[in-house]
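Two complexes are shown next, each including subunit A; its partner changes from subunit B in the first to subunit C in the second.
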Partner chain A sequence: MTPPSLLDISPATRLGRGTRTPYLLSLPALLLFASVVVVPLGMTVALSFHDWGQYKGIVPVFILKNWHEVFSDSYYGEMFWRTFRIALLVTLFSAVFGAPEAYILNRMKSPWRGVFLLVILGPLLISVVARTLGWALLFGGKSGLVNAVLLSLGLISEPLPFMFTETGIVVALTHVLMPYMVLAVWAALQRLDPQVENAAITLGAGPFTVLRRIVLPQAMPGILSGAVIVFALAASAFATPAIIGGRRLKVASTLAYDEFLNTLNWPLGATVAVLLLLALVLIVFGANRWVERRYAQVFG
Partner chain B sequence: MSRNGPIALCYHALFVTFTLAPIVVVCWVAFTPEGYLSFPTSHWSLRWFQAIAQYPEFISAFWRSIGLGALSSAIAVAISVPAALAIARYRFAGREIFTALFMSPLMIPNVVLGIAFLRFFTEVGLGGTFTGLALAHIVIIFPFALRLTLASAVGLDRTIEHAALSLGASEWTAMKRIVLPLVLPGLVSGWTLAFINSFDEVTMTVFVAAPGTETLPVRMFLYIQDNIDPLVTSVSACVIVVTVLALVALDRVYGLERLLVGRGAADGR
Partner chain C sequence: MAFLQLENLTKRFGLQTAVDGLWLGVEKGEFVSLLGPSGCGKTTTLQMIAGFVEPTSGAIRLEDRDLLAVRPAQRGLGVVFQSYALFPHMTVAQNVSFGLEMRGVAAAERTRRVGETLELVGLGSFSERFPRQLSGGQQQRVALARALVIRPRILLLDEPLSNLDAKLREEMQIELRQIQRTVGTTTLLVTHDQAEAMALSDRIVVMNKGRAEQIGPPYEAYERPASPFVASFLGKTNLVGGVAVRPERISFAASGLAGTVRTRIFQGNHWLYQVETSSGLVTVIRQNTGQEMPAEGAAVHLEFPALHEARGGGSQDRRGPKS
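Coming up: the complex of A and B.
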């Protein structure tokens, strides 16, 4: 018998358990990921249990000092609370402003829809540093363009501080992550049959009722999955909070950066990073489970 | 088909303004003739673009970013092809776990990966080297490469291969002359998407890069942390132009809608 080949796609081979071919094919990627992802992550977790001193450096012993410090010092509690507060607000604003835009995009006609999809999703691939720089210029102290516009519209009576504030971070991060929300909702709306909307109108529903009872329930899975993505990315964002927040206003990722590259207390930085990862994994998996259970009937 | 009402269109206009404002502002300020940040209205100048030439660290960082992106995307695509074939064509124990592992760089925050890479590379003597930088980039752009190679491997019509094999072609010939040409658009798009992601990556790279191996986004980030002046806006404007060109190319070759949503143009919507 000839050995099972790469191109042999008979059902027996595809379902076969004996063949080594798929393992050989994935071997390069597997080796890379085992050595450059799994091992380093394990080392980082181990690092969070090591001791550190100004003069002695990293001491490879098992010690709970860093974890104790992070959990007992209110500075870290406040910092994590700030990180997740910013992430929640960013998620909320992206959902509230992004979902209607996805709906509007979905109703557009052919050439315009493609053009605006490119305009709205394209920034996703433009450097975060460049986009955040744009916000730094727009905020630009008290004479910034945003304040000038808000003042001339009479929305505010005196300039708002945006640079080095949470408000500024939330606005800029919402801009950076908004495309993910539009994308998720837009993908969900693709399944929406426009005839259902028309049927509702024929049956006497007003435009508001159609939105609330037909469109929103169908867009909801998209909004929720978009929210999970936006939240996870907002809670771990680095460049935007670092540039807009400045050196004082710390979030988890910028604090870890400081510990690693300025204070050089690597074990403490590793603890903050591992804690951020754990919190995010819990939140994302919990949210996904909840969404799946809630929409089991819809997709089932 | 229902149309968008005037309120919806106004909202859309505001939304597009919000989306484009920071990008437009960066490009606008880059043309200032002044020595400080300002919005040029009557006088425009290219002096800040010419000034880039006097900062060799930006030039070298730019070429390093291009080289790093090209190299790590090529390696990522090369490794992703066999992995995609395995995942697309075989049902084997560990298939789901492998897929989850290969996609994990999308789930793990880049800041955590940066820290893990920094620790690992320092321990194994690759700290601050280009090799370390390339390994780190291959890993984080791998999911993007895999997604597109996987899409083309799944979409492959296997009867064509079968025809080639039954007509007497060797496996290697069938691979080279049938499979590769068919998956090539997917590979090129995967490479481009991986390249853009490598070229823009800053959060992870800022941990791994050392002076001498800084990429352009890292150089820009560190520069902005010290001060914001028109120079960094002209550099950013160049970066934006490079990305937009790559984006338009990608849209032509593969379709941005299909790329980002995963379906769309392909199912005739």
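Coming up: the complex of A and C.
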């Protein structure tokens, strides 16, 4: 075997302690990750196979009762379907409003760009609970500010339904999650050569054609990665659906919470939580693989 | 009336004047270069013709029609950008085809013309590649093909070769000139590289601080610079006793201005000398003819051409060699 040359700067050689050093250095982080993520996750998965009864509590056996219940009772099917329908709508609206917002932001000149970036990102500095309660204050029943004003003006005879509706959850979640979409699209647009739009114009393209054929396709990887983030966050969101939907309109995360803390049926709650996690991992990884394969050749 | 006419074209950005009352007529089929240092207004001029920048005052007329009244998308000009500005999400063929699509050219005709133009720039077999998979020189050719395929009334080139390495740049210069001769498109090149401007153009516009210091054929501008700026920007110049003398016109002789060789640099086809004399440092370029040349530290005498010759050319070759 030839001795390692001086120019060989692979970390293992440079540190001169075989291949063990990098692992030793990352050991603390790995231990932390294992103890606060992997172990509880494993326990949750195990919990989903345990039995539970009103009077006997959790029985540590291996049964498929919870999984059978979740898959056979249409109540759960409907609830999961609602969760992903809401997430899909939130993703769609975030893209429809967020992508143009990012494009406009990208074209703004120096002082205004900073101001509007702050306007868009500002909400991220406020707790999700506070932001969602804001919507509740505006639209909650007859006393909600917007409803009260519209009622007193005689424009509506009934308060606009917002609380405990899917529409309400979608609107509030879109508001909460849109900054992620704007940031993702903006990052993609910043890689765009500003001359490319001029090139299309000199070739005879009108403003709409430039947007549709030149800008949008190049923003697409950003829109798709933003969509993956927003979808995952929307499907697993807890605070917003809990405040707007409450007990009347449950999604997967609020259901798991209720099973854990109100019904105290931990095994069933764990089953719902694990199923939500599995579905999300599959969707996110699937989407990511698809995006990478679709755009590898073009953007690398 | 010239084919393309710039009339008192002026552009101010705030207090700064980028282009200052520029007059220029370009004939049909002519290759004209706007040459000057950065900030001289050459790029702004090109952008005004392309329509990306609105002139403060003045007029641009193409075939005797007011070009400023036409929207940029309708001007029918071919532009090659410094960054090439290819559409990264389209293949080479789709890039070149885009302008034809915008003109509503039928699919079969489009395919034919795209193929033809790609052959012209030597990229016939690359049509299905994406820009990312091409070298800088190849991307350059795609950009040129994309601009030429629409049969533009004028081809505008914005520093098209500045992102290429020296050897490739020289090859592309020759190719660019051949292509332009073949197609016959009226061409306006913006460059800061005097060698490039001289190699390619029928006429050069030497610009400085928004003004045209000299407009003329490369040989004339080099031999009879209209101003000290032009003389120093086009090649090297010595100012000896108030007279500008090109370094290649000075020779070593048995008598003449005495001096000492400070530095001697070998550059293959010629030697570059810095000679210390009583009237300052003089740059001398001598062709490499295989003969022994004075070494560093050697005492030499410099012979200058007669005054009328120093200004450039004898009276019999005022118009310069036919190119």
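Just so it is clear, the second predicted complex is superposed on the first by the 264 of 300 C-alpha atoms of A that agree within 3 Å, B and C clash if a C-alpha of one lies under 4 Å from a C-alpha of the other, contacts with A are read in each partner's own complex, and residues count from 1 in each chain.
Throughout what follows, contacts are C-beta pairs under 8 Å (C-beta built on N, C-alpha and C of every residue); 3 or more make two chains touch, one makes a residue touch a chain.
Quick caveat, the model's predicted, so the values are computed rather than measured.
In the superposed model, A:119 lies in contact with subunit B only, and not with subunit C. Residue contacts after overlaying the shared chain place A:275 against neither subunit B nor subunit C.
Judged by the touch definition given at the top, the superposed model places A:284 against subunit B, while subunit C stays out of reach.
When the two structures are aligned on the shared chain, A:181 is found in touch with neither subunit B nor subunit C.
More residues of subunit A are in touch with B than with the other of subunit B and subunit C. Once chain A of one complex is fitted onto chain A of the other, the partner contacts of A:239 are limited to subunit B, with no touch recorded for subunit C. In the superposition on chain A, contact of A:47 is made with subunit B only, not with subunit C.
In the superposed pair of complexes, A:193 makes contact with subunit C only, with no contact to subunit B. Subunit A residues in contact with subunit B (one complex) as well as with subunit C (other complex) are 198.
Residue ranges of subunit A in contact with subunit B, taken from their complex: 5-7, 9, 13-15, 17, 19, 21-30, 32-33, 36-41, 43-44, 47, 97, 100-101, 104-105, 107-109, 114, 116-138, 140, 145, 172, 175, 178, 183, 186-187, 190, 194, 197-198, 232, 235-239, 242-243, 247, 252-253, 256-257, 260-261, 266, 269-270, 273-274, 276-277, 280-281, 284.
Of all the residues in subunit B, the ones that touch subunit A in their complex are 1-4, 8-9, 11-12, 15-16, 18-26, 29, 37, 39, 79-80, 82-83, 85-87, 89-95, 98, 101-102, 104-105, 107-113, 115-120, 123, 135-136, 138-139, 142, 146, 158, 161-162, 165, 171, 174-175, 179, 196-197, 199-200, 202-203, 206-207, 217, 220-221, 224-225, 228, 232-233, 236, 239-240, 243-244, 246-247, 251, 256-257, 260-264, 269. Against subunit A, in their complex, subunit C makes its touches with residues 50-52, 72-79, 81-83, 85-89, 98-99, 102-103, 130, 132-133, 146-147, 150. On subunit A, the positions that touch subunit C within their shared complex are 193, 195-196, 198-206, 209, 213-214, 217-218, 220, 297-300.
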